[in-house]
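Below, each structure is written out as structure tokens.
Two complexes follow with chain A in common, the first pairing it with chain B and the second with chain C.
And then the complex of A and B:
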């Protein structure tokens, strides 16, 4: 993996410019506040980066609205905060709309489509940091699930609590070395053998993400490629008009899966593939 | 660990028994690969869910000890206002997880007004039964998107399921050998934790080897 460290670093440094505008439903000032602009890491999650946005809009919303009821939409579709920001961007815009215009809401939480972070009984259980706790818990659950695919969960099982913490804080604080010191272990693949299965989530617009068992090598030991995965997952519908984006990049379809998994996975160790129909 | 095919086989076995017992589990099969799961909906009183098992399910001495336990518990200040919220509507799903190769129980709870419960509400309900939940909240019950319909549901993370099932196998090898018993046996543990039990009749019939 050593020689491709630069690629890991490039991927880690991916940023998306976002413009946050306050929903007119929640605005209490005569003229709406200006949009708030942020450069946000692709690898990160909205609950980690929204503190500044909350603070910025605090003065412009009704005092009876709760700042932790925050949620975002793009073109009317609520964003699922438990997926990495870069994945949401690729899926919803095809990587094309820059800066990404998002609407910020503090009311009418769409609890039937996205997970709620805040509780109605917040005082009693001292959940002041529940938003952060929720995303940390989602992240670590995904890391464990990814390791179940890759190593039958053996690597995560042998890690210490502090290793899990280091992965998380490395991501939150944008510390590449801190994160990769631990993540290296999760990417261990016994030399030629590769992972048992490639942990991936394939997104088609407006559909639930697809997961399947996908080996990195064929029966004859040949390297399986992105195209093999697409044929496995979308056998009936796959055609040349599909654009497959991973980390905002369209990798050639003959790229080996094992390499993709080691280098283009998100910090939760899942490879996120966004499959979009190209515009003709 | 069970394969997806074994999961489906065991679910079908379970559904067939349930038909005889007039339990209300039903199968959901979508026109996409690997999307077989089971669903059950029911209404219950909140205090039944959180503090004692259903009457018709546990008819043995265990229910006595739970009743005793309940009478010893002080009135819980966290308890939800009974007048408004005593009737809950619950939906359970048994779904296969491909990474861990085990089933997961997903569920949602709504109050009498159709309001979806929050994660903290759910922690509180089940903390009445299992106080240790509050010390390990995120590892006991959490919320995630249902793999087949995409909506938010509560679930217990499956990273220990395999260990628990292995432990059970050790103690009751004959019953656990046949993979078709996997779902009923698993539900006995993971369902019971969330207000759901495998009818005792099922166990009786199974012991008589009528299936």
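And then the complex of A and C:
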């Protein structure tokens, strides 16, 4: 495992400025409240960072609306809370709109496009904890899935409960070292062998994300690159109007997959590729 | 280990630029915003707390004031602060004054309001009235509307009806138009056809005319040839021809009649009963007339019954027949109230003599063949002229006529036998009945002897009487045991030499009497039904009889 702290640090420090404004449907005060601005880590999830926003808008919404029905949209498209914020940002704006203007809703939850961010069985618990619990379990499930790709799930299995907790709290509290002490084990690749498969998700705009089995090395032992992955996975060849971004940047197509997976993966150990149409 | 790679460097730089663009430029701004926001929030909280404190302090202050102003409970503080109390009182008085002013103000306003209220109430009532009237109007309009709607529906129904009518009429009109068109086409076709036919007809006519001309020319030529030939022949043997001609036209003279003893021919002549049977004067032809409306001509001179011709034209049964003297015309009386004339050379019906109003029972040529006398059941006799085809004279005997004979050679005298048992004598020149001879029964037939002196009458008292016309007296009565005249049309005849009289019997036998002795000479039985007529051949050797069962029997000794 060739750990490149410089890169990892840069990725970890990725932040996006977001401007939250209340939807006019839910506003009950005479003048709409001023938008609320936040710097949000790219690696994080919306349910983790929305506490302050909820508190801010509580004053301006009707009291019979439930505060945990919160959902966000960008230009009318509801945002799926279960993807990392950076991925959503790249996917919807192409990394161009700064600050990212989002509309906050507390009513008319779009059931058909987003899963609810809480289980119906634990309504009695406080909203705050429900939210956290749901995204935490989702995050850990993703970690396990990624490990199943990489090491047939062996590493996660050998980890202890507190290790899982440490991963999560490290992410929640934006603690790089706390997170990476555990995550390092997951990124271990037994020297030169590499991962069994590369866990990745490829997003095409408005389509279901693509997820395939992809080995980091070819049959002849050569290192496969990003270009190979795209050739294998994409339903059609890309023309020049498209660009592929990971973590908001366009990596060169000759970058080895193994390295990409180790360094540019999100905390859930998945590599998120966004295929965007460049606005020319 | 990848540190030296260009792609790593590229990624690193792009990450740096990303972070620079996305956060570093704006991070400070947002963090300062957040700080300010938090600061604002904390300030707001603080303000709230201070407000609460302030309120609490105010309440406390008011409480303390109340305690002080209540007179019954002077506290140490009031005594201590008397001067402040008076100031407070003044302050409160001012307040009270202000409040009173306010109250008066409010009262005034109230009165104004009540005034306004009254006005508004009036207004409201006005509006109510208007509203009610409007409602009434509305109701009226609605009823009107309903009526109008009904009218509209009725009218619509009418319109529909008329439209249907219209449609119907239109359809009919169309149908008629179509038929009209088709008829017009037909008419056109027919006109064309007609023209074509006319053309064809014209062509045929022209051909006809040509042919006629040719025929005429041929006929003229032929006639000329015949004339030439005749002239030549006449030059050679004119004398002989004249003699033969004379002989041919004369009646054969019978010197003695023979009585036949057996039938030598028997045949079914007609389809129904045979009413009349007559020989021509020369005896060449035998004519029979039957109820089947026909007259048939027979030649029996060669031992067989050769049917020569059938003369049709009568509409009912033929009752009587007469030949003219030179066998060129035949006369037939019929039950259809008419008498008809045929020419024998071409067997064509020449005249139909109509005028009787009953069955024609008898007909005879007068001496000149253009005159005919007929006797009818309508109790008249009529004289006809064949040239003008008109009735010349009508005689009124007063009774149905059964038979007629023309007595003398000048044909001026006619004798008729009648249903009223009389024989009447007429002179055509005087147009009057000259004599009337009563008999003992209805006269069914008359027969004149060859010399015209004797008249044989068959009478319905089952006898034959012979009248001498010179004395107008019955000179002989012929009867016989079992002799019975079968009908009013039974005909009896003299033999051509006048020596015998023959008559058929109702039982079917033929009886022949000797006129001189009054004795029966012969009784011949062959018929099975009533014999209606008897005819004696002019040469005297053959007798023919006919009966009701279609049969004609020829008696003779050949």
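One rule holds for everything that comes next: the second predicted complex is superposed on the first by the 264 of 280 C-alpha atoms of A that agree within 3 Å, B and C clash if a C-alpha of one lies under 4 Å from a C-alpha of the other, contacts with A are read in each partner's own complex, and residues count from 1 in each chain.
By definition in this document, contacts are C-beta pairs under 8 Å (C-beta built on N, C-alpha and C of every residue); 3 or more make two chains touch, one makes a residue touch a chain.
This one's a predicted model, so the numbers in the text were calculated from it and none came from an experiment.
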Quiz item: Looking at the overlay, what does A:159 touch: chain B (first), chain C (second), both, or neither?
Solution: neither
Quiz item: After superposition on the shared chain, which partner residues are touched by A:234: those of chain B (first), chain C (second), both, or neither?
Solution: neither
Quiz item: Should A:77 be classified as contacting the first partner (chain B), the second (chain C), both, or neither?
Solution: neither
Quiz item: Touch check for A:39: first (chain B), second (chain C), both, or neither?
Solution: second
Quiz item: Now for A:187: first (chain B), second (chain C), both, or neither, which partner does it touch?
Solution: neither
Practice problem: For A:27, select first, second, both or neither according to whether it touches chain B, chain C, the two together, or no partner. | Solution: neither
Practice problem: Could you tell me if A:49 is touching chain B, chain C, both of them or neither one (first, second, both, neither)? | Solution: neither
Quiz item: On chain A, what residues does chain B touch that chain C touches as well?
Solution: none
Exercise. Could you pull out which chain C residues touch chain A in their complex?
Key: 1-3, 6-8, 10-12, 14-16, 18-19, 21-23, 26-27, 29-31, 33-34, 37
Quiz item: Quick one: in the complex, what on chain A touches chain C?
Solution: 2, 4, 6-7, 10-11, 13-17, 36-39, 95, 98-99, 247-252, 254-256, 259, 264
Self-check item: chain B - residues contacting chain A, complex
Solution: 34, 77-78, 97-101, 116, 118-121, 123-124, 134, 138, 142-152, 157, 159
Practice problem: Would you tell me which residues of chain A are touching chain B in their complex? | Solution: 80, 82, 111-116, 118-122, 124-125, 127, 130, 133-134, 136-138, 141, 144-146, 148-149, 153, 199, 207-209, 211-213
